[in-house]
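What follows is a pair of complexes built around chain A, which joins chain B in one and chain C in the other.
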Partner chain A sequence: MSKKFIQRLGLKDKLLAIMVPLLVLAAWQGAVSQKLCSDLILTPPLTLLNTLVELAQSGDLTLNILASLKRVMIGFLLGGTSGFVLGILMALSPFLNRIFGPLIKALQQVPEFAWMPLIIMFLGIDESAKYFFVAIGAFYPMVLNTYQGVSGVPEKYHELARVFDYKSFRYLFKVIIPSALPSIITGIRLSLGLSWMFVVGAELFGSDSGVGYLMTWGRAVFQIDLVMAGLVLVGVIGFAMNLVLEIAEKRFLLWREPVDGRPA
Partner chain B sequence: MPNNKGTLEIRSLSKSFIVDNNSLQILNDINLTVHSGAFVTIVGSSGCGKTTLLRIMLGLENHYTGEALIDGKQIIGPGSDRGIVFQDHRLLPWLTVGENVAFGLDKLKRKEKKLLVDEHLKLVGLNGFESAYPSQLSGGMAQRVAIARALASKPEILLLDEPLGALDALTRMYMQQELERLWLLEKITMIMVTHDIDEAIYLSDKVVIMSSRPGVIKKIIDVPLSRPRNRASSDFTRIKAEILEEFHLGTEYPFAYAI
Partner chain C sequence: MKRLAISKKTKAILGGIAFPIVLTGLWQLFIFAGFSSARFLPPPFKVFQKFVILFSDPAYSQHIAVSLQRVMIGFFIGTLAGFLFGLLMGLSKTAEKIFAPFFHAVRQVPMIGWIPLIIMWFGMNELPRVLIISVAAFYPITLNTFSGVRNVPREYLELASVYGFKGLTLIKKIIIPAALPSIATGISLGLAMSWSVLMVAEIFIQTAFGVGTQIQKGRDRFDIALVIAGIITVGVLGYAMTVLVQKIVQAVERGRVISTEK
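Moving on to the complex of A and B:
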């Protein structure tokens, strides 16, 4: 492989990024096989891989990932959509902003896991409780970023809309949302990221499926490899979701990329 | 097509902005009549209120004393009878060039839209750039797209705020010819702000000279030359000297002031 080719693929960056994890894994594997620590406490990476393969073969892996993803999607759609709509309304109506702005700022001070007891009291620990919990996580970044994006639409675009007689929904969809899109996409990314964290959190509290459940169950039967496999899964899936969104962002914000480094 | 619409009248208009709780007078007792189908240019030093005056004509500024009328009716806001080329081109960065030109044509059918977009992009010499984004254009190209956008929605009065400012001398002269051709063809009223006195004389029936602090109309000079005009003719030069005189840039010391 030529040097140029490596550069073109950005391989150098990727190699650098996985260097430290690989070293850690190697040291880890080495430490366990040299009996420096018990493999009951610190599952060696190869065993971990084995556990994951077994989980996949038994079908448990797919089942639990799907269970978590379903909760993420529903919670994210509920929380994200309401955050998106409220963010737009607040940015466009000073009146609504005065009503909801302080409330949201105050509620935001409540650590999100502190909602859990209340949610369990009202909704129990069934699916709807998990959707609700994830929705709370998804809501804040979406409402804040949407609000910021929409209230930051430059006056010159509002004027242009007036000149060309863009009103109501046409105005919203053709001018306001596109202009606020960079901010909205940031909101979506943060929102989905938090949804993923929250779903795992919710599953740790009580659940009979999901990636979080794999981990609590692993702990209950003292199968440390299951707990760690769960950790790996959480990381990898979160990373993959972020990656997909990054690619989507590039695609949607193509217009922001100038040919010669000039800002748009 | 007989067209006697698009007469604009400004009567004893004054405008102030509130800056730091102080009222700052920007325009003072402006009186101006632009007849239907006329080409009028406004020249004046930077900050004398040219853009503000255009914005009043467009309907984006509403707090002033005096009257601003179109065909005898008070201007209460923007309308499809007026088009604008803003000083900053104001293209929407998330739309392609073609979509920007079509921005005012949203109510038309797809096919008609495409036809008008093609026609007007060709007019400003940018056919082939439909799918480029504004961030990929030079300043002059962006200005030309803005002109195409304003023309595409067929206004009766076209307001132009230094539309050719970012163009090189040759493109500029070409665009001046194109504007004149369009104006003759469409018989619309054009009101254009410019810093280029040659451009003003080449294009307009009347040159409105403003002076600043507060902005007043110092003089309106008629340009009774036949078209197309010869920039080197003695009449042209005479009118140019007359305008420069108003800026105290008499031909005796033009360079001392130009620097």
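Moving on to the complex of A and C:
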């Protein structure tokens, strides 16, 4: 949505769109340098940039980003794959749907962060707890969207598959998955977006590496520039992940308008 | 025919509760077989007992009341601000051009990312908790109000100009009723987000009261029954709120009229 919006704007409008953030940045810098606001409370943009450069030079930046990305990937693969498989099974078998459908709906009512204390009690506060927590976030959108996509495969395709005598794996890979792909990709986007949010949450809860850790540490030593640098990183990386998927979606699904699949 | 319909429904209900019952049975068996100590995973019966104890103690209802109040205040502020902001951007192309890029950029940061900064700014008290809940509601309501207002059918606007509707009358009589379904979607999404972020707020920004606090307390005391009971409470309350808002939204939509009277 934001991308289409930018394309629609003319040059004059683009200038207008850049104006506001620039004004905010200038006011922000001005407020701090004029001592209207203590730099202990609000890091000026230039200092923030400096902090990011310093972090990059010391290698802390790459180290922590990689730590977070690794957790996202493992958790996302765990949760996304199980959601994908369960979604297909539930859509193809009414029996499994009756069993798991109500259970998933019931579990979904619980805000994911409420599981955090329980997960930590069971798994301890190390890596496996983080993977599991991220996997929970990745699971729901994947199972729901895969289910929706597969149960929405048109009857015509099923008939055609019967005519061609496609069975089991061939049926799954030639008919079901391609037809459900748009919905599945929406699931992947939502799922990855939530994974990123949850990894930051898991790291805020307790960890010794990652972008979330950078922020908790910044808070602990009252270095607000670190906290804000972390915030910028979280936003930029989340945006970049969504952008990559959006491009991939356009490649794979030329026939379809992309949907805005970002979680809030 | 009728008998079939009933039996189908019964079957669906039975199928729905069968798995949880089997799961509970397995859970109980697991403990009987001695695979896990009751301390680590309390039997279902213990969790039920915990529920009875919790609900006979007025303190627990107070925790629930505090959580509900917190979420309602935050949700209300977020809804009002999001509605006004979405309306402004929907009505004025200039406002959209000025604010939308900034809004979309800020929206890229997941809610949870703001927690450390918000704590540093406001400390561990009620304000940051309510603030983060209202921001969670603000995003979906702004987006949905905006798209609802932008997609008011052209015919309605033409009709309005025929009747000479302008300014507030136009907004009140035509634009808001026409955009209502989209706004309602935003409100349901916003409430779900608020409830979810309430847990973030209560667990990360420490406080003495709230259901999230109880879950956290259960963890500190290694009282797993309390943790599980808290999780179930949160789930049931969240579900009840979703259903309530859906009902209200349906009622409002049924009653909406795009009126041509001034």
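Throughout what follows, the second predicted complex is superposed on the first by the 234 of 264 C-alpha atoms of A that agree within 3 Å, B and C clash if a C-alpha of one lies under 4 Å from a C-alpha of the other, contacts with A are read in each partner's own complex, and residues count from 1 in each chain.
Everything that follows uses one rule, which is that contacts are C-beta pairs under 8 Å (C-beta built on N, C-alpha and C of every residue); 3 or more make two chains touch, one makes a residue touch a chain.
A quick note: this is a predicted structure, and the numbers were derived from the prediction, not measured.
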item	value
Chain A residues touched by each partner, larger count belonging to chain B or chain C	C
Chain B versus chain C as contact partner of A:G238, first or second or both or neither	second
Partner chain(s) touched by A:V200 [first = chain B, second = chain C, both, neither]	second
Which superposed partner A:Y157 touches (first chain B, second chain C, both, neither)	first
Touched partner set for A:S179, first chain B, second chain C, both or neither	first
Partner chain in contact with A:Y171 - chain B first, chain C second, else both or neither	neither
Touched partner set for A:A17, first chain B, second chain C, both or neither	second
Where chain A meets both chain C and chain B, residue numbers	262-264
Contact set on chain B toward chain A in their complex	58, 60, 77-80, 84, 86, 88, 90, 92-95, 103-104, 106, 133-136, 153
Of all residues in chain A, those that touch chain C in their complex	1-2, 5-6, 9, 13, 16-21, 24, 41, 95, 98-103, 106-107, 109-118, 120-122, 196-198, 200-201, 204-205, 215-216, 218-219, 222, 224, 227-228, 230-231, 234-236, 238-239, 242, 262-264
Partner chain B, residues of chain A touching it in the complex	156-157, 159-160, 162-166, 170, 174-175, 178-179, 181, 254-259, 262-264
Residue ranges of chain C touching chain A (in the complex, touch as defined)	11-12, 15-20, 23, 40, 97-102, 104-117, 119-121, 136, 139-140, 189, 193, 195-200, 203-204, 212, 215-216, 218-219, 222, 224, 227-228, 230-232, 234-236, 238-239, 242
